[in-house]
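Next come two complexes, and both contain chain A; in the first it sits with chain B, in the second with chain C.
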Partner chain A sequence: MTVAVTPGPWVRKHLFSTPFNSVVTTVLATGLVYLVSALVQFLAGADFEILRVNLALFMVGSFPRNQLWRVVVAVLCLAVSAGMASGLLLAAARQRANTAGLGFERPSGMTALVNVVRRFWPLLVFIIVCLALTTTIAPTLVTMAALALLSASRLLSQRLHRRQFGWIAVVVWPLAAYYILSSSGLGWDDWGGLMLTIFLTVAGILFAFPLGMALAIGRRSSLPVLRWFSVSYIELIRGVPLITLLLMGVFALGFFLPLELRPSHVTRVLVAITAFEAAYIAEVIRGGLRSVGIGQTEAASSLGLSNWKTMRLIVLPQALRATIPAMVGQFISLFKDTTLVAVVGLGDILAASAFANAQPDFNARGLARITLPFVALAFWAGSYTMSREAGRLERSLGIGER
Partner chain B sequence: MTDSTTQPMIQLEGVDKFFGAFQALQNINLSVGRTEVVVVIGPSGSGKSTLIRCVNRLEKHDAGRVIVDGVELSDDLRNIQEIRKETGMVFQQFNLFPHLTVLDNVTLAPRQVRHLPKAEAEALGMQMLTRVRIPEQARKYPGQLSGGQQQRVAIARSLAMQPKLMLFDEPTSALDPEMIKEVLEAMEALAKTGMTMVVVTHEMGFARAVADRVVFMADGQIVEVGTPDHFFTDPQEPRTKLFLSQIL
Partner chain C sequence: MPDRVRTPWWRNVQVLRWLAQLVAMAVVGVALWLLWFNVTNNLASRGIRTDFGFLDQPFGVRIAGSDLSPGSAVRLALLNGIRNTFALAIVGLPLLTLLGVAVGVGRLSGNWLLSKICTAYVELLRNLPPLLLVIFAFQAVILRLPPARSPATPFGWFVISNLELHVPSLRAGENYRAFSISLLGAVVLAFALWWWRTRAQQSTGRPHHRWLWSIGIFLTAGAAAYLALGRPITISRPVLVGRVVEGGYRGLGSYFAVMGALVLYTASHVAEIVRGSILAVPKGQSEAATALALSAFQRFSFVVLPQAMRIALPPIINQYLNYVKNTSLAIAIGFAEVTLIAFQAIGNGQPAPQVILILMGCYLIFSLAISLAVNLYSRRMRLAVQ
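Then we have the complex of A and B:
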């Protein structure tokens, strides 16, 4: 039981304690009231037809409409992947707690549901907004099926605790989703909308992370050639705007390669994003490496561990933990930076909004005021979720820190 | 093969070490026999730590020879690796791995370097933790332990590699006074098992009680070597007398 707090004293104490505080409260409250009323007015008067008609465009771009079942299957695969991964993580946490002799209490039923909603509410808001814009029941059914699959696979995989299941969760199922979206003559260049945005972000991170790690380690190498290469790569790439790299990737690369060898637009863009992102990730990891004291390396070497094992088992785990906040910041900016691909003609979610606004039905009606907030909502939901999850990860790794 | 029982554990012959223009070690000649406990003392900056760090190649000597258990330290990585496997080291700042549990700290090297199976390494690890009398802390993280406990874990971590030789670099200097005793006791118990030890320390009581020989260093040189009795009651060199008069 919490003690009931009457609003009167609390308000006086926190909002009107001094004349200055009263002025600040009044000014901000007035602004807030104005904003809320403007928002309500906007929502009441707005016509969301442009979003309803173009929802598929925002989600998957120009992906062939008779192939949309592939997107459905891919989403279901990813749901299983996420469910398995979270179930395995839960099982691992329980096992760790048991070995450490700590109790492991798992909230059940309603509490668990409330926890999930509190944890993922930004994503849920976005999903609900999208579903509210649909005109048929199918997307809602797909969402329900995905959530059901997610819960079921989470429940089932809690009983598994062998390492190979982890690979199935995070490699096999996503690859299945990827295969379904890219087989039978379909390719990256058919992808668009939010799907392309997410793909560029995830693939960018997956490729850039190991490259960045190699560059960071190379920068500290005792071999001058490696060090020199790493430093010049990092400093060269960091000195160039991403948009320039994208334009070079798309337009300049073409001149150097014969026509039949020229990779697709998405490939070129992905190469540019990876190259760019790796340089920044390298610097983030370098900061982490510096935070691990020389004593750690000396202790590991004195035990007979090779340089490579010292790096892999002692230095990197500590360095990467120290870089979580900066790394997630980097991932979030990559997520948002992918919108730059609209400039080189790729149909991501931002390009989709421009495309919708140019349609004859909606042209010149100032509907960017509808589409842009929708795009912004998608990015905010993704970014804020990443940032919250990073915070959780940081707290859960806090154990055992000095 | 030379006869490994008669040969000294450590032989330093004419060892020099420079940090830039500063000469940290100057013509060091020292031989440490098997099961011998040698305590190195001297004012700070005299090169004591550098001396033992040259033994397992945490510092590279610039001239002379360093021979450990019959293997001469060279630029050959295999030699360095071989010597480090047989040489335990305990640091002033403990240098435990904060992201691993106590038991994982102790079993890491046996598993990764000696390639022991997990169960065997853990049995060995628990045995070593019992030896330094903290088996009950095995599942904790280093950050949850006191300084004295951490240093004893560090000793157990080195012992788990079953080294032939242990180096101690001021093992009690970072400890609160009430924790020094437990660490010195663990070291004394280790000395009684016949472990070859080189100990850099300011603990004169330990030197008197446990050392077979005391080495006094100043300005990168070995000034005087002797048994504790001889060294503390009848020092020969004026530099040694001055040092002892300052600390005793």
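Then we have the complex of A and C:
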């Protein structure tokens, strides 16, 4: 027997159940209509020329314009890397399902496409907005090529499913992208815009990870000296805002180094971000370590494993798996925090909006008001997609359910 | 043949532990010494002083919204900055708590539209960088207000321009000292009534109505004192007299921009914490309350909320800390809180290491005090659970 869902009872139950609810609904609906109409008016009346002219500034900052092919090749490399990684993950999931004797149904082409759109729509919106703002066909072609490479490498690595492909996916291809972007006299000091934002986020997490792991293990150590040192470092860093560390990196790092060593601006900022992020990653990993039951350690020592082997073979694999969602959360928060580098004079995507706003002709014509919403869309699309994916991952890993 | 084989020292855990600690201490010590050596060397070679005598030198910049002249000491400028940071915290923290709890509870509401709007608010705000929000609030809201020479006066209660915002405030009248003493007396009386009603309920089992009694006596006594003392406190409304605004509370536009943006941002995180904590209270609690014939309001406020608060308090305090640390973002729009003052001091040639040390010290003292309190609280709560 099916229950027909008619709009009448549904509306009454969910919107007008009590007099108070009716008032709330009416007030909110009026406000919503006003807000949406204001937004539509703003977008309809907006002139996107300032974005169209400065799109490259937003994406790559002051990267030499005759070297843009390097960015294209790097994007293609990263697409292959992402495709291989996701293909390998899919193959591993299928293998696990087969071993467990469960069926693994692969969604058909159309459903798979709908799933991808449903999962990544904020990111897709941002990409489509960017492509709509371009004046030539080239960026669209590059995006097409990147998507094609992504799906091809995903399919290929899923079919072949070799163990060593994992390393190629997560190490070799990103390194190739880095090499192409930084060879022939270019370095990360020439990067800017969204590219710099992403680089600072990824590099900050990568450099901070080993440091954070050492601090987390040190904080749980039974040796008082190690524990005190770790605790004081972590609490010291977590007690101050990132901006003070960035100021320290930019104005005072030179005092702590020998006179011959003159790190560049981006390097100074990266040192500050790494020092900051290590404390937070240490806390994330500590949470993971705490989630591994004491029975695991006891079982390991009853098997005669040394402390070091217990940590490496028993505790860390379980702990790190449990930290994945929190680590993504940390990644998102650093992604948002990298905007602070604009305050200390780096040309990230937020600084790019300030540069664009300062161009006299746009400023005089009142076009500057569209730049911040554009930057906001970039950050929102990235963070929202990542936080949804983290939630998905958390559910599929079954963290907190065992 | 010896009955006990002695462990060689390189496999003796006791010795190894000491050795590991000594090595760790040596590594940290050498690293710190190296840094210290470099710092003293560099400062000496550039002729930069290492003491804190610069605190008495003139700051050199006029600070917007303060009476300090450019010639005042760096010490006074820094104190002014700390005061401004406090001003952001003391108004912002209650506001963001109210907003966060309202949105968090709203997300769980049965009203579909309300819960969807609250969800949209949370998902929009917490996925944006706070710095972008601060800059947006300043450029897109404050700077687009009417210019200072022709301010707007909405409802007759505010005077707003793109430089300053004037809001109504309370002003002390003649007898306000006597009035505040009598208010204190009313509070004591209310507490006494609260205690009496609680005792009465414990001995007789009749409903205590302690909220009703306490608030009732407080309001009655307060109103009586207010009337008897002849309006000891009045509401001061900002009025435009020519080009000067009289009365009310004056705040810089940048102050409201930083506070508004950070309150909206932090409230979205608080809302998530509140929602998660309410959902984390086991369903059986609420069902048991229903079985005891408690009303929906009683169920929520006496059974679910107290338990949810216990889960929510430590992470909410963490968000308070984040809010206070984020007030440093005011540097991007030129509101003179302590980070901007430090930044300007460095720009005017004061020694960077010492200034940054003082700056970090300010935040650190505050953060460590709060996290100590939270640790004590959670330790007590853990004991209470066991």
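Here, the second predicted complex is superposed on the first by the 375 of 402 C-alpha atoms of A that agree within 3 Å, B and C clash if a C-alpha of one lies under 4 Å from a C-alpha of the other, contacts with A are read in each partner's own complex, and residues count from 1 in each chain.
Assume contacts are C-beta pairs under 8 Å (C-beta built on N, C-alpha and C of every residue); 3 or more make two chains touch, one makes a residue touch a chain.
Here the structure is a predicted model, which means the values were calculated and not measured.
Applying the stated contact rule after C-alpha superposition, one finds that A:Thr339 touches chain C and leaves chain B untouched.
Once chain A of one complex is fitted onto chain A of the other, the partner contacts of A:Trp308 are absent, as it touches neither chain B nor chain C. Of the two partner chains placed by superposition, only chain B is touched by A:Gln318; chain C is not. Once the two complexes are laid over each other on the shared chain, residue contacts for A:Ile243 go to chain C alone; chain B is not touched. Chain A is touched at more residues by one of its partners, and among chain B and chain C that partner is C. Residue contacts after overlaying the shared chain place A:Ala299 against chain B, while chain C stays out of touching range.
When both complexes are aligned on chain A by C-alpha atoms, no chain A residue touches chain B in the first and chain C in the second. If you check the complex, the residues on chain C that touch chain A are 17, 20-21, 24-25, 28, 35, 38-39, 41-43, 45, 110-114, 117, 123-124, 127-132, 135-136, 139-140, 325-326, 328-329, 331-332, 339, 342-343, 346, 352-353, 356, 359-360, 363-364, 366-368, 371.
Those residues of chain A that touch chain B in the shared complex are 99-101, 293, 295-296, 298-306, 309, 313-314, 317-318, 321, 399-402.
Across the complex, chain A meets chain C through its residues 14-15, 17, 21, 24-25, 28-29, 32, 222-226, 229, 235-236, 238-241, 243-244, 247-248, 251-252, 254-259, 332, 336-337, 339-340, 342-343, 350, 369, 372, 375-376, 379-380, 383-384, 387.
On chain B, the positions that touch chain A within their shared complex are 56, 58, 81, 84-85, 87-89, 91, 93, 95-101, 108-109, 112-113, 139, 141-144, 154, 157-158, 161.
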